[in-house]
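Heads up, the next two complexes both have chain A, just with different partners, chain B and then chain C.
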Partner chain A sequence: MNHLHLAHPHADVPATTPLAAGAVRMLDGSAVLPLHDAEQLTGVTVHDLAAHRALFGPRRSYLGHAADTLLADMDAVELSGRGGGHFPTAAKWRSVARAGAGGTVVANAAEGEPAIAKDAVLLLTRPHLVLDGLAAAVEVLGAREGVVWLHDGAWASARSVTRALEERRHAGELDPPIRIMLAPARYLSGEATGIIRTLEGGPTLPRWVADPARPWSAGERPVLVNNAETLARAALLGHVGAAAYAPTSLLTVVSDTYRVVVEAGPDETFGQVLARSWRSPDGQAPVAALLGGYGGSWVRWEHLAPLPVSNPALKPFGLSVGAGLLGPLPQRVCGLEESGRILRYLAGQSAKQCGPCVFGLPAVADLVDRLVEGRLGRRDKHTLDTYVREISGRGACRHPDGALRMLSTALTVFADDVARHKHGRSCDAPLHSVLPIPADPEEA
Partner chain B sequence: MSRERMDQKAIDARSVTMATGLVLLVTASAFVTSWLIGLGVQRVAGDKMAPWILGRSAGVTSYLLLVALVLLGLVLSHPARARIAWPSSATRIRAHISLSVFVLVFTVLHIVVLATDKYANVGWWGAFLPMGSQYRPLPVTLGVIGFYAGMAAGLTAALAGRIARRVWWPVHKVAIVSLILVWLHGVLAGIDTPALLAMYVGTGALVVGVAFSRYTAVSHRDQAEDLADVRATELSGRRADTAPRAVVYSDDILGSDSRRSS
Partner chain C sequence: MPRVVPLREARPQAGPAAGPRLRLDPSVCDGVGICSHLAPDVIGVDSWGYPIVHAEPLTDKRDVRQAEAAVKACPRKALHLL
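Moving on to the complex of A and B:
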C-alpha cells in the first residue's frame, strides 16, 4: 500500500549543490514565530517599500518583451509552484496567457496548513516582493487585476499587505489594481479550484476539474492562482536575474512551543537545517519527520537527514518539499497516534462534497483509532488496506489523497509503533503531541 | 512468506469457512422449509380453502420481506451509514438485493394463487388492472399499484451501474410509495385477527421511525451547503473598474454558531 521509494540507508544519497557566489536569498535570517499565529515574528528584518526599493531598484514593467525574458528565466531556474504541487510556473503562466487577457491573478497566501507559516512570514517581512510578483504576473498575462488571498483571521498578514499597498499608492507606483480577499478560515480555503470558484461568484469549495494538472479557469476571464512564495520568487528572479537567483526553499520547522521558517538551499541537508532550527525536547535526533504538509509523507529521520533540501534531489525518492512543512517527531512521541490525530483533523476538514472523502476519511480515521487502541482485528486490517487503495484519486480535489499518503507512510515508518499497538501493548512513548491542530470552533 | 501473502491466506481460509457455512445453512433451511410445506399441505389437503390460505400467507410473507427490504434500504442510504460497522456495507447491499428477489417470488405466488382461485373472486383482470377485482376492489387496486411501484423500484435498481444514478435513483425511491400502498392493501384487506393488526401497526411504526431518522439526520450535502454559506469577503484594495462582481457578500460569515452543528 505504500508507493514511496523511501531512501534506503545504503542507497546513493544525492550530494548537496553549492549556491552560486553572490546568489540573492529571499530572507536575511530565520523567522521565529508562535505555534498558532504569526503575530510577534522575530529574526527577519521587515522590508518596507524604501528598504525594498533600495535593495532591488524600481519595479520592472513586464508589458513588453520583458515578459519573455522573465518566462525564460523561470524556465532556466525551473521555478515551480510552492503551494505544494510544484507544477512548473512558466508552463502554467503560458497556458493561462493562451486562455486570453482580462483575467485575475491570485497571490494565494491562505495557509490552511495549521503548521506552515512561510507565506505569512513573506507577507509580514517581504510584502513588496509578493506584490511585485503579483503585479508582474498581472502584466505578463495581460490580466485585469490582482488579488491577495488570505484566510479570515490572518490579521497580521492583512495589516501588513494593507500597509504595503498604501505605501505603494503614496509612492506613486504604477501597479495594476490589487485587492485583498479573506477566505473562510478552513484547511481547504487555499485550494486553487475553490479560489477560482469564488472569483466566479461561487462558494469557496473545491470543484472537480477534467485535468488536475490544469487547475486554472480557462473561461472568458482566466484566473491564475499562484502561491505567494511562488510570486515572490518570480519577482526576485525578475529583479536579480537567473544567474544570481538562489533556488532555495522556505521550510517551516515545528518545535514544541514555536515555529521557525528557514530559507534552506540545495547546499544544505535536512540534517543541517534541523540542527540550526529545531529544539529537541530530549537532546536527541527525531525518529522521523513529516515532510511537505499534513498531506505529505513521513520519512525516517536517518533517511531524510542526509538528503539535500531540493525538490529535484528528493523526487527520485518519491518525496517532495511540498508546501514546506518539516515536522520532526521527537523520540518520546508516538508517530501512530500523531498521524491518527492529523488524519482525524483532515477528515473533519473535508468540503463534504465527494463520497470517498466524506465517508472514506472518517471511516479510515475510525480504523486508525481502533489500531491505536489495540482493537484492530485481521479483518479490519484488510478493510483499512482496501479503503486506502480505493479512496485515493477519487475526490474532486487531492485532499483525501494527501491524507492517505500521510497515513500510508506513517504505517510504514512507524511499523514498530503499529506492531506494539496491534498487540494491545500501549506505546511506551505517548508523552505529548507535537504538530499543531486548530481547535474545532464548533466544539469551543 | 511476506505479511501480505499471509493475510491473503487468512482471507482465503475465511472465505472457505464462510462458503461451507453458507451451504450448510441453505441445506438446513431447505429441510425446514420442506418440512413446513409438508405440514401445511397435510393440514389443508382436500380443503377448498387451501389456495386462499396459501395466497394470504404468501402475501403476509411478502409484506414482511418488503418491510425488511425497505428498512435495509433506509439503512443503506442513511447519512450515518459509514458509522455502522456490522454488517459491513458490502453485506448490507447483498442482503438488500437478495431480499428483493424473495419479495418478488412471494408476491408472484400471492398474485398467481389468488388470481387462479375462483373462490377469491379476484381473477387475472383484478390481479393486474386497477378496479378489476370483484372482491374488495379498492384494497386490491392499492396492492396492484403497489406491485407496479415495487417493480419500477426493482427494475431501475437492476439497471444501476448501467444507467446514470440521477436517472435510476429518483425512480428507485418509489419503493417507499410501494410500501405505503402495500401497507394500506394489507390493513384494508387483511386484518381479520388482532395479531395481524398489531403486525401492521408495529412494522409501519418501525419503518416510519427509521425513515424519520434517515431523513432528519444531517447529510453531507447539508454540511457542504453550510460550508458553502461561509463566503469569502473583500477586505480592501482597489478593484478593476470593469471587473465583474466576483464576491457575494454574506452576513453569514459571523453566524457559524447559528448554523446546525454536527
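Moving on to the complex of A and C:
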C-alpha cells in the first residue's frame, strides 16, 4: 500500500480556495456532543419544517426535466459519496437509473464509525434537508420508496426523522413513501452491499459482488444507497444551485470528553479547523491525526495542518476526508498502542464471513500486541509482512483493507513509538487512550 | 511458521482475446481446500488455508482446465469462471 507521499512537510502544499460570496452552507455552527451518543447536542439550530421551508422554499419536484439540471449540478460541484468512498454521486445515480425504475433509495445514516457523528447531527438538526434529498433521489430514479437506514439504538435520530415525516404529512407535502429501517449496531451495518442484502430479505452482512463497478444494483430491484450527508448535499444543491453551493466537508473532531462536528470548507486548513474545535489536554499541538475513519490514515500533524479541507486537494497526497473523522493524537498518548486498540476493535467487527478477515485480522492484531510488548522477533516481523500481503484485497468488502491501511500508516507515522517498544523499554507516553471504542456487548 | 504456497510467476499480459477470469466469493468460501489441489497452478493457499486466486485472465489451456475442475468441485460453490 502506498498512501503517503509527504516526504517534505511543506512541499507543494495546495493553497486554500475562498468560498464564493453568499455561498450556502448546511449548518449554522459547530455541533458539540458527547463521545458516546448524540442525545445532547448544542451549537446548531434545529430546523423544523417551517424554518427549513422559510430558508429554501418548497421541495422541488424532480419528476420531469429538473432531474437533468440536478445531475448536471452534481457534476459541476463534483458531489461525491460522504460515507467514505467519495464515489461520484451523479455517476452512481445514472448507473442505478439505467438498471430500471421501481427500486429503493436508501439514506444511509447507520454511521458505524464509533467516533463519527455527522449523520446524526444532520438527522437531528437538518432532517428536512436529508428527506428532501431522499425524495429527490426517489423521483429522479423513478424508485418506489425511500428508506432512512439507522442503527439500532439511534433513538434520537429515529425520533427526529419520525417527527419530520409527521410534519411533512401534516403540511400536505407530496413525498414518496419513506420508512425507517433499523440495522444492528455494528461497525459494518452501513456497508452498502449489506444494506441491499437486507432489503432483499437477507442478513445485514456485506456481499461479494462479481462486478465491483456496480455493487449498488446487485439485486433484481435496483437499490441506490447514498450516505445521508450526500443526500442532504444533493437537496441543498437542488435548492440553491451549483453557483451558491458551498463545497464543504463535515468533520467530526474528537477531544477527550466530547466531539465537535465542524462544517469546514476548502477555504480552511486542517490546522485552522483544529484550532477552533479541539481541546488539547496539554496545550500542545497533536503528534498526528487519524483521518477519514478507523480504516483511514494516520498523518503526522505537521503534514496535515497546512492542507486545505478539500478532497481534491488531499488526493495527490494519497489522503481522503473519508467519512470525516479527524482524530488528533495528543503528544502524551502512544500512537502504537492507540492503533493496536483500534486494530483489535476492527478485527472484532469483522462480519465473520471471509477467511482472510476472520482469521487474518486477529492474527495481525496478536502480532501488534507482541510489538507493543517488545516481544516481536525478526521472524514475527516477517510473518506480519506476509499476513498483511495475504489479507489485502481479499475480503468481500473493504473492511480488512481499511484496518490494514490504518495499521500501515501507524507503523510509519509512529516509528519512534515502535522503536521504543521494540527495544523493550517501557513507553513513557501513554496517559490514556483518546479515540472511543464501543464496549463489546458479548463481553458485557 | 505458516505454510505459504506461492503462485507461479505472473504470465505475460493477455491481449483483447483474453481467456476467462477465475473469481472467488470469499464470503462463502470455507477454506475446504479441494480447489488448490485440483488447480495448483492457478490457486495458491494463504496462511489460514484459504485460496488465493489471481485476477488476471487465464490464457493457458491447461490452467483453464484446472480452473474448471476446481469450480466444479468446490462444495461451497465459491469459485466462478467469468
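What we mean here is this: the second predicted complex is superposed on the first by the 434 of 444 C-alpha atoms of A that agree within 3 Å, B and C clash if a C-alpha of one lies under 4 Å from a C-alpha of the other, contacts with A are read in each partner's own complex, and residues count from 1 in each chain.
In the analysis below, contacts are C-beta pairs under 8 Å (C-beta built on N, C-alpha and C of every residue); 3 or more make two chains touch, one makes a residue touch a chain.
Quick caveat: nothing in here was measured; it's all calculated off a predicted structure.
In this superposed model built on chain A, chain B and chain C take up the same space, so to speak, and clash.
Residue contacts after overlaying the shared chain place A:Y387 against chain C, while chain B stays out of touching range. Contacts of A:W208 after superposition on the shared chain: chain C is touched, whereas chain B is not. Contacts of A:V121 after superposition: neither chain B nor chain C is touched. Contacts of A:Q353 after superposition: both chain B and chain C are touched. When the two structures are aligned on the shared chain, A:P177 is found in touch with chain B, with no touch to chain C. With both structures placed on the common chain, the touch criterion links A:V368 to neither chain B nor chain C.
Once chain A of one complex is fitted onto chain A of the other, the partner contacts of A:G395 are limited to chain C, with no touch recorded for chain B.
Look at A:I196: by the touch rule set out above, it reaches neither chain B nor chain C.
Between chain B and chain C, B contacts the larger number of chain A residues.
With the contact threshold set out at the top, residues 205, 351, 353, 355, 359, 363, 379, 383 of chain A are in contact with chain B in one structure and with chain C in the other. Across the complex, chain A meets chain C through its residues 205-208, 210, 351, 353-357, 359-360, 363, 379, 383, 386-387, 390, 394-396.
Those residues of chain B whose C-beta lies close enough to touch chain A in the complex are 7, 10-11, 14, 81-83, 88, 220-221, 223-224, 227-248, 253, 256-257, 261.
Contact residues of chain C toward chain A in the complex are 1-2, 4, 23, 25-31, 46-50, 52, 80, 82. On chain A, the positions that touch chain B within their shared complex are 104, 144-145, 148, 150, 152, 158, 162, 165, 176-184, 186, 189, 198-205, 221, 351-353, 355, 358-359, 362-363, 366, 378-379, 381-383, 441-442.
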